[in-house]
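I have placed the structure first, in the form of structure tokens, so that the comments after it can refer back to it.
Every chain is named by a letter (A, B, C, D, E and F) in the order it is written, and numbering of its residues begins at 1.
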Amino acid sequence: MNRRDGRLYNQMREITIQPGYVKHPHGSALISFGDTRVLCTVMVEEKVPPFVQDRKVQQGWMTAEYSLLPAAGTVRNPRAGYGNNQLKGRVYEIQRMIGRALRSAVNLKKIGQRTLLIDCDVIQADGGTRTAAITGTMVALELAVKRLMDEGKLTENPIETRVAAISVGINKGEILLDLDYPEDSTAETDLNLVMTRDMGIIEIQSTAEEGHFSKVQLDQMLKLGQEGIEKLFVLQDKALGIKK
Amino acid sequence: MNRRDGRLYNQMREITIQPGYVKHPHGSALISFGDTRVLCTVMVEEKVPPFVQDRKVQQGWMTAEYSLLPAAGTVRNPRAGYGNNQLKGRVYEIQRMIGRALRSAVNLKKIGQRTLLIDCDVIQADGGTRTAAITGTMVALELAVKRLMDEGKLTENPIETRVAAISVGINKGEILLDLDYPEDSTAETDLNLVMTRDMGIIEIQSTAEEGHFSKVQLDQMLKLGQEGIEKLFVLQDKALGIKK
Amino acid sequence: MNRRDGRLYNQMREITIQPGYVKHPHGSALISFGDTRVLCTVMVEEKVPPFVQDRKVQQGWMTAEYSLLPAAGTVRNPRAGYGNNQLKGRVYEIQRMIGRALRSAVNLKKIGQRTLLIDCDVIQADGGTRTAAITGTMVALELAVKRLMDEGKLTENPIETRVAAISVGINKGEILLDLDYPEDSTAETDLNLVMTRDMGIIEIQSTAEEGHFSKVQLDQMLKLGQEGIEKLFVLQDKALGIKK
Amino acid sequence: MNRRDGRLYNQMREITIQPGYVKHPHGSALISFGDTRVLCTVMVEEKVPPFVQDRKVQQGWMTAEYSLLPAAGTVRNPRAGYGNNQLKGRVYEIQRMIGRALRSAVNLKKIGQRTLLIDCDVIQADGGTRTAAITGTMVALELAVKRLMDEGKLTENPIETRVAAISVGINKGEILLDLDYPEDSTAETDLNLVMTRDMGIIEIQSTAEEGHFSKVQLDQMLKLGQEGIEKLFVLQDKALGIKK
Amino acid sequence: MNRRDGRLYNQMREITIQPGYVKHPHGSALISFGDTRVLCTVMVEEKVPPFVQDRKVQQGWMTAEYSLLPAAGTVRNPRAGYGNNQLKGRVYEIQRMIGRALRSAVNLKKIGQRTLLIDCDVIQADGGTRTAAITGTMVALELAVKRLMDEGKLTENPIETRVAAISVGINKGEILLDLDYPEDSTAETDLNLVMTRDMGIIEIQSTAEEGHFSKVQLDQMLKLGQEGIEKLFVLQDKALGIKK
Amino acid sequence: MNRRDGRLYNQMREITIQPGYVKHPHGSALISFGDTRVLCTVMVEEKVPPFVQDRKVQQGWMTAEYSLLPAAGTVRNPRAGYGNNQLKGRVYEIQRMIGRALRSAVNLKKIGQRTLLIDCDVIQADGGTRTAAITGTMVALELAVKRLMDEGKLTENPIETRVAAISVGINKGEILLDLDYPEDSTAETDLNLVMTRDMGIIEIQSTAEEGHFSKVQLDQMLKLGQEGIEKLFVLQDKALGIKK
């Protein structure tokens, strides 16, 4: 029990969501899962990329970028643009996942010919940054849409469901919810789960880092993840001032 | 039934594996799933990258790159290195998956201080290129290891299991095995599955492109995928001249 | 008076310095001047760049990077590494200034064969980010040095003086201390001043954006800047827990 | 005689041309000269680059790219786009030569406001890849033009002549036709020759790698090259189903 | 005295300005300060960048680039575009200074919807290249404007004042005008000064490289710099054939 | 006759070679052919690139870079390193030719474990820049070798022959020596010829820009080029102070 700082196998770290953390973007939230802290922002651009503009049905677009601040982790993470312009493959994998997750919450045909630009910047990294980013960006996105509606730019709410995400893993044979960095880096199997408010599955990414895993273990991980995600929706509600 | 060229929902396309397709690399195979054709090669470099060299336990390394030839698809795929140096995120996602899959088949501590460089070049694309790449590279890797053993560079076979991969999807509510491009591009959900010879799970990537999917559908997709992968192991055996 | 939110011409915005804001780097501080918020960190690398290694006298090195988060300002600031790898000239100018300023506080011959890597990331921008970065980094640097001494890696304090920086400008003919963004973007002349604890000048950058300025105006700006910097040293003391 | 695998000084390797090797591009051909194998494709883009659009006389454009697959040669050829974005000078030299050669076969004023994009990808390299690329692309180009005419996009055939190319060299003082890699890499002089169907010269590139060569040797090389090119035109005819 | 080749502390090196040094650009000048030689050119482009086009008031634009030829200094200066695409920060700092200095001489609203492209290429470097570049470009700019007026493209002269620049420094405690490379590289303090024809200040950049400097020293440096700049205006007049 | 400014078909433009034009590199020369002006320099680096270091026989290396100053031609030539990092293919073609030409003059085994870095920077372009660069660099190289011998770094002269180069072309059916830009840009055929002091051929690059050319025309061009090159060797002698 000690190795989780006293957390039970099915217990998430302390989670806080600070909406409106910065003033310039349409929506923003600072989310923390224990020592993991991610700044999630949504900015609005009144145009769409060419490949969207060319589509028959008029629609908007939403895309995500993810980055670690140089001093977010134990080893310095070199910036792009310093003779080191190739983003790491890991970054692409993560930001594509964030973009897909959030796009599944929104009806892009209802946001007009504009682009919602998501930025997830990891201020401090301690495991689970991608799932924290998805969960926090959902709050920033709600705020951004609210402001667009207040500004009269949208008349109908394009958000069709809410999404949240959590990581689960198998560490020394034990299935654990919400892995911190020491747990994650020694896990045998790693699963990231994204679900909607009505508990439909949006994305599963599950990889054996050592050996392989069984269907039974997969089922257990999914069950544990689902329980965590249910709690995240309550925290999002609270951050958004929604009473239930 | 017609929309699959007469294929049943649980039927894969015609699959061929041509081992030793090119002469310079240690191992190679040209694999085709219908019109999808991928050249998989394994070259050997007698050194390891610095981050591996620094590890306490001496080991080798294996890494993969994936690329579409410019004329592989219906729209030209621009080459990197022509004012367009940023690889697409999709490429990173795929080649990281290929590398992880193949590394799980090999004991890197048994390949010596060398790097196995996997290249998967898509000659023609018609859906399922990443899973074809994994399945074909496994054959090229067996050949490369065999040549290293013939050359006396390895005394013990470092391959601990075999891996193969297949795609499954939900298209118009129907669960289909081995989607071709028309099926894949209109699918609601997409699942890529990598398994070992003894049918352990190595990786699941499953994404809802439209709406979401249920646990029941996930279970059905995994079952169908597993059946396909069992057949792929037989085809690998045949290509490698292994009788069972 | 109103246009400065009630501030007098010689009054700085509310300034806070939060030392130890993130846990991984050796030293860190979050500094704010009104709505301008900059995260300043100092990481330690146990080696020096080649051009320093080749010098006759053994010494360490210190270098700075500066960046705006994408959502820090009113218009999104595109990240490097997305087909947009050229840093803007403004970024180079600023980070070179930060590096020079901090190097003038430290005796590099006393930090051993290591590099202190400064990162200044602007979380929110509202004018004066470069001078805030210098002032905040000085605090992070003190903390980093303290930790290096606690770890026994340094036996002698290499910091020979403290530095702080402030901006002054001429706006509609009036000389103003600590310009916020609306003031800065309409100023006729802009001056950035870096000074040491004993009020020696380290750097002056002064540019007429419109028309030119006179020696008399320069003298007035320097006087006002010096008064501001004296107050910044007191705030640094407080953040570092130094009583005077 | 042995060192040429039994070939006479004036004998080319076995040459095959496989038209329509891939299905997506308008025209394609896989050409082999012994172990050298090049995939040549021609794709059509319904626009022209700006510098062509600005010309007084309306015309189309044609341009070529050339690349070695990573495993095409004995040493791995690193891909562009992996922190290694600078194409090698050799690649530029070759693809510019291919583009010039093919443009001299076509009346660009007769292809409309479109661009023909040539891609030459070397699957396996064993000497003479650039001349194989030119000879094979001519076949792919004929097929692409035929398809454009079948589609009704062109009413008049823009191809005014056919081109083919061959290498000649001086190796240990002996003049040899169609050098393979072992011959080419030890040759004293190297000549690439491009000619039209009516045996006009389009391009000569001749370089002494060791010492220099005389006008007499140049004349002998040109004569031998011309004889080879005459045979290549027959092979192109055959691949295109043209009887003479 | 010897260490300045016999120059007094307030004496500049021999200065020559050769107007019209190259024929293609609208204006050009080769300026030398002793062994420092800079080719300054002004080319005209009949369009403005997008961020200028979008402004409410119609205006032109002027921008500067600065570069050292590879063999300009004692150590080879590697070219950009050779796997080394990141310009050095120093280059950005300098060319931004050149651009600002020259823009302050011109009323951009009077040059029409065109861009004046300044290029300063250092043929030989021996200290003071940035101030030489500003002083020389002023001459090239006068010539470019004259030619635009001769061509009838401008009817009113947009040049509202002339600018010139000089460096001053403190070396071994002595204040020196126009430092050559040996003096500059060992200076304690370095000041670059840009002034207008009527002796208004446009820019001061002053940095302590070692220790710090006092307000008294600053005043002395500015006084010496101003005297040098007065002489530079006379040399510009002479180069332009203006009698006074 | 007028269209050549009165020059006869076999007459080169006025040629001047100014040795030692800049002071820092080991050797330098400014060469002009009429309005074409190229600065050729040779710098020495006391190491060799890895691929040379790995060779069995110890040797040195020599490599060339070629660039046009931005204002060298009628249209501005954008610099690399400004979001435009891909060198043009033409640049690669030219600098590879320069490197090959000069390497054929020198015995690299006799220059020790060092690299001679050739830079050819075109100050003003008016046709024939690549051949001017080769001819001028030969002079710079002789000076660099002389200085290396004077410094005692070389005891034996590694230069085994001298090289020079000239362009010839067919313009409106007439064969012309040393084409200027107006002639070159309208030529039907273009030939660049590099020869050694004893009139051996080092390189021929001949391309039909329009139509094709015959063996007879090739022979005429080579003859004319050879006559021009003979005169260039005399001019090199003169520049180097060699009497014959």
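The working rule: a contact is a pair of C-beta atoms (placed from the backbone, for glycine too) under 8 Å apart; a residue touches a chain by one contact, two chains touch by 3 or more.
Nothing here was measured: the structure is a model prediction, and the numbers come from that model.
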item: Per Cα centroids, the chain farthest from chain A; value: F
item: Taking each chain's C-alpha mean as its centre, the one farthest from chain E; value: B
item: Copy pair chain A, chain C: interface residue numbering same or different (half cut); value: same
item: Cα-centroid distance, chain C relative to chain E, in whole angstrom; value: 28
item: Computed distance of Cα centres, chain D from chain C, in Å; value: 59
item: Multi-chain contact sites of chain B, meaning residues that touch two or more partners; value: 81-82, 85-87
item: Chain C residues within the chain E interface of the complex; value: 85-87, 89-90, 92-93, 95-96, 100, 104, 195-196, 200-208, 211-215, 218, 222
item: Chain C-facing residues of chain A, complex; value: 22-25, 28, 35, 39, 41, 43, 45, 65, 67, 69-74, 76, 79-82, 85-87, 117, 119, 121, 123-125
